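These are the structures in question, set out in turn.
Each of the next two complexes has chain A plus one other chain: chain B in the first, chain C in the second.
Coming up: the complex of A and B.
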């Protein structure tokens, strides 16, 4: 038996594409965020409301990842923002090479920012770098306040946590302890920005818009 | 279940190494950090499936899990983080800086030696 030391990153092929994406975006001076959550947390609704409310002051292009259909890209295009749909045909995450092809189809020069809406999944997408400046994790209150403890990886790696559907907290329609989520998410990630929002009513959204704008035009 | 994608990438990396050595690979050791961890059973299952009809068929896979580490800000100790209750084991402080989590790495491949196949 002969042993050979290798010491190679297993996901290096993905990382090569992630670096290409990063370099392409940096060359154009664009920011890019990778949005990750469970299915049904309201990622697309958040993006539709964000793009509609912010209007022309921040030009956002979207890359949508889903197993099937281009329903989400259609919803984004209805706001007149450019959107490219990727269908993963069963794969649980977007890969950097898929994003690379989507970036080729987006009018990147005329945008300020690209937001990638990953496949709905709190686990797998967090392992695949796409070339983003940061990850944004979305947690809706109906999913429960134990998610940062159960899925520490994505909460530890994200720059921003959007706690969505906070309109459901009124009238105690769901049991959800926002303070617990804040404490648990910050245990492993002291600097994570947390915005409680409702894409439905607009509550709390302004602070999120200010954060986004600050990424492109730092105050 | 991104273990299937990890298994596919792993085999591609192993095959590149095999091509340079012209020897049969019989085992591999990989490692991963706490925030990049893979499930041993799922990865082994996926690896076995992807390895079929390749030079990697029949290889055994060992997976080492490396703890997430942090440096305590008040006392400076570097410690392995218990993600369910992260605090410094010495001073009990929860004020720490996370150190980079270990990536998914193929550390070692075992090849059949020139004499292994005989006798």
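Coming up: the complex of A and C.
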């Protein structure tokens, strides 16, 4: 009982900050997405290419969550997009209060959208709302096609699934059944948008850019 | 303060069970390793190939941790090795009490070694001792060579680092600097044993098998 009560209290404090973040973003009319994946699925590379390719037509700011380095924020800043690094000091997910402090440091009013790159972890971050409009789950084909079945929580909750590193499918270097992933992800979440992409070669990225732009300027 | 106290209490309960597991395994003279990685780094494939190739010369039993499926234990059982599945019901790591119950169901006395495949997560499992003789961290080259720097905890604590999927390094399909990983991992942990392997092609696996056998029958 004690464990459950404490868990509920922590979640409530997080929810309070998540609501504050949502209200702050709504007041400025800005969109916000929470990007979640395993370590090494290519979240930062996806963001760097997205920001570079989209250019000035969509002003994106980034909040980077990492256990302790600033490496990812530095990569984002090299694109000249504003990026705030949060070091969780070993914690396995970002909290809404950390995001709240980062939003204070971002020039939110001059942006169209904030993308939060969560700590690399396919499990814990899915349980903590940060005030986002939606979650984006990234799965690299190198991780295997059984992930929606094995880690259903994040696939059930996400608006978008980016299946990254599809360049590795060429020549059957990686065994990965994209149809299986589509079927299993849609069984958990029938409205999830699925974009097979390669942040390395650029394949498939345009459909993802169109989706992002449509969030700010609906066609 | 309250959060810190609760954390300490939970860790203590876990440590009590970890000690029980250690004593049980020591009583039978068995070795035990706790395998930790991101989702999709290839832990189960590594175990399946290891058990198949090593055959009867090392009797390995497996405890499989997953959020909710039995897929991994089924893959292990296809090799005829005994495997017990623990479903954590969404929790992001195995606990020592779960492992304690699984050990009760394994024919420990007829084995040489128990390998625990933890939930796919590079962060949380490293904080929970299960009673093992050592941790084995698995990193797939597709995850990138920055992982020891970005997720130092597990690299600092592991006896062995298996760098898996090295077949993807052929033809420079994946940008991965093995020397950088070696240097960064040894900076955190100068005694860590590093084996670059491919569970798919078998490359490099013999050195890992020799290490495993040496744990049971030291040369």
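In this section, the second predicted complex is superposed on the first by the 209 of 219 C-alpha atoms of A that agree within 3 Å, B and C clash if a C-alpha of one lies under 4 Å from a C-alpha of the other, contacts with A are read in each partner's own complex, and residues count from 1 in each chain.
We adopt the following convention: contacts are C-beta pairs under 8 Å (C-beta built on N, C-alpha and C of every residue); 3 or more make two chains touch, one makes a residue touch a chain.
Small disclaimer: the values here were computed from a predicted structure and weren't measured.
*Asks:* Given the touch rule stated above, what does A:143 touch, chain B (first), chain C (second), both, or neither?
*Replies:* Second partner only, chain C.
*Asks:* Between chain B (first) and chain C (second), which does A:66 come into contact with in this model arrangement: first, second, both, or neither?
*Replies:* In the superposed model, A:66 contacts chain C only, not chain B.
*Asks:* Just checking: does A:106 make contact with chain B only, chain C only, both, or neither of them? Give me first, second, both or neither.
*Replies:* Neither partner.
*Asks:* Looking at A:178, would you say it contacts chain B, chain C, both, or neither? Reply first, second, both or neither.
*Replies:* Neither: A:178 stays clear of chain B and chain C.
*Asks:* Taking the superposition on A as described, I'd like to know which of chain B and chain C A:122 touches: first, second, both or neither.
*Replies:* A:122 contacts chain C only, not chain B.
*Asks:* What is the contact status of A:151 with respect to chain B (first) and chain C (second): first, second, both, or neither?
*Replies:* Second partner only, chain C.
*Asks:* Applying the touch criterion given at the start, work out whether A:92 contacts chain B, chain C, both or neither, answering first, second, both or neither.
*Replies:* In the superposition, A:92 touches chain B and chain C alike.
*Asks:* Counting only touches as set out at the top, which of chain B and chain C does A:168 meet: first, second, both, neither?
*Replies:* Second partner only, chain C.
*Asks:* Which chain A residues lie in the overlap of the chain B contact set and the chain C contact set?
*Replies:* After superposing on chain A, chain A residues 2-3, 6, 10, 92, 123-124, 149, 152-153 contact both chain B and chain C.
*Asks:* Within their complex, state which residues of chain A touch chain B.
*Replies:* 1-14, 91-93, 95, 123-124, 126-128, 149, 152-153, 156-157, 187-190
*Asks:* For a test of understanding, state which residues of chain B touch chain A in their complex under the given definition.
*Replies:* Residue list for chain B touching chain A: 1-2, 5-6, 9-10, 12-13, 17, 21, 23, 26, 30, 34-37, 81, 83-84, 86, 94-95, 98, 103-113, 116.
*Asks:* Can you check the complex and tell me which residues of chain C touch chain A?
*Replies:* 2-3, 6, 10, 38-41, 66-69, 71, 90, 92, 119-124, 140, 142-144, 146-147, 149-153, 165, 167-168, 173-174
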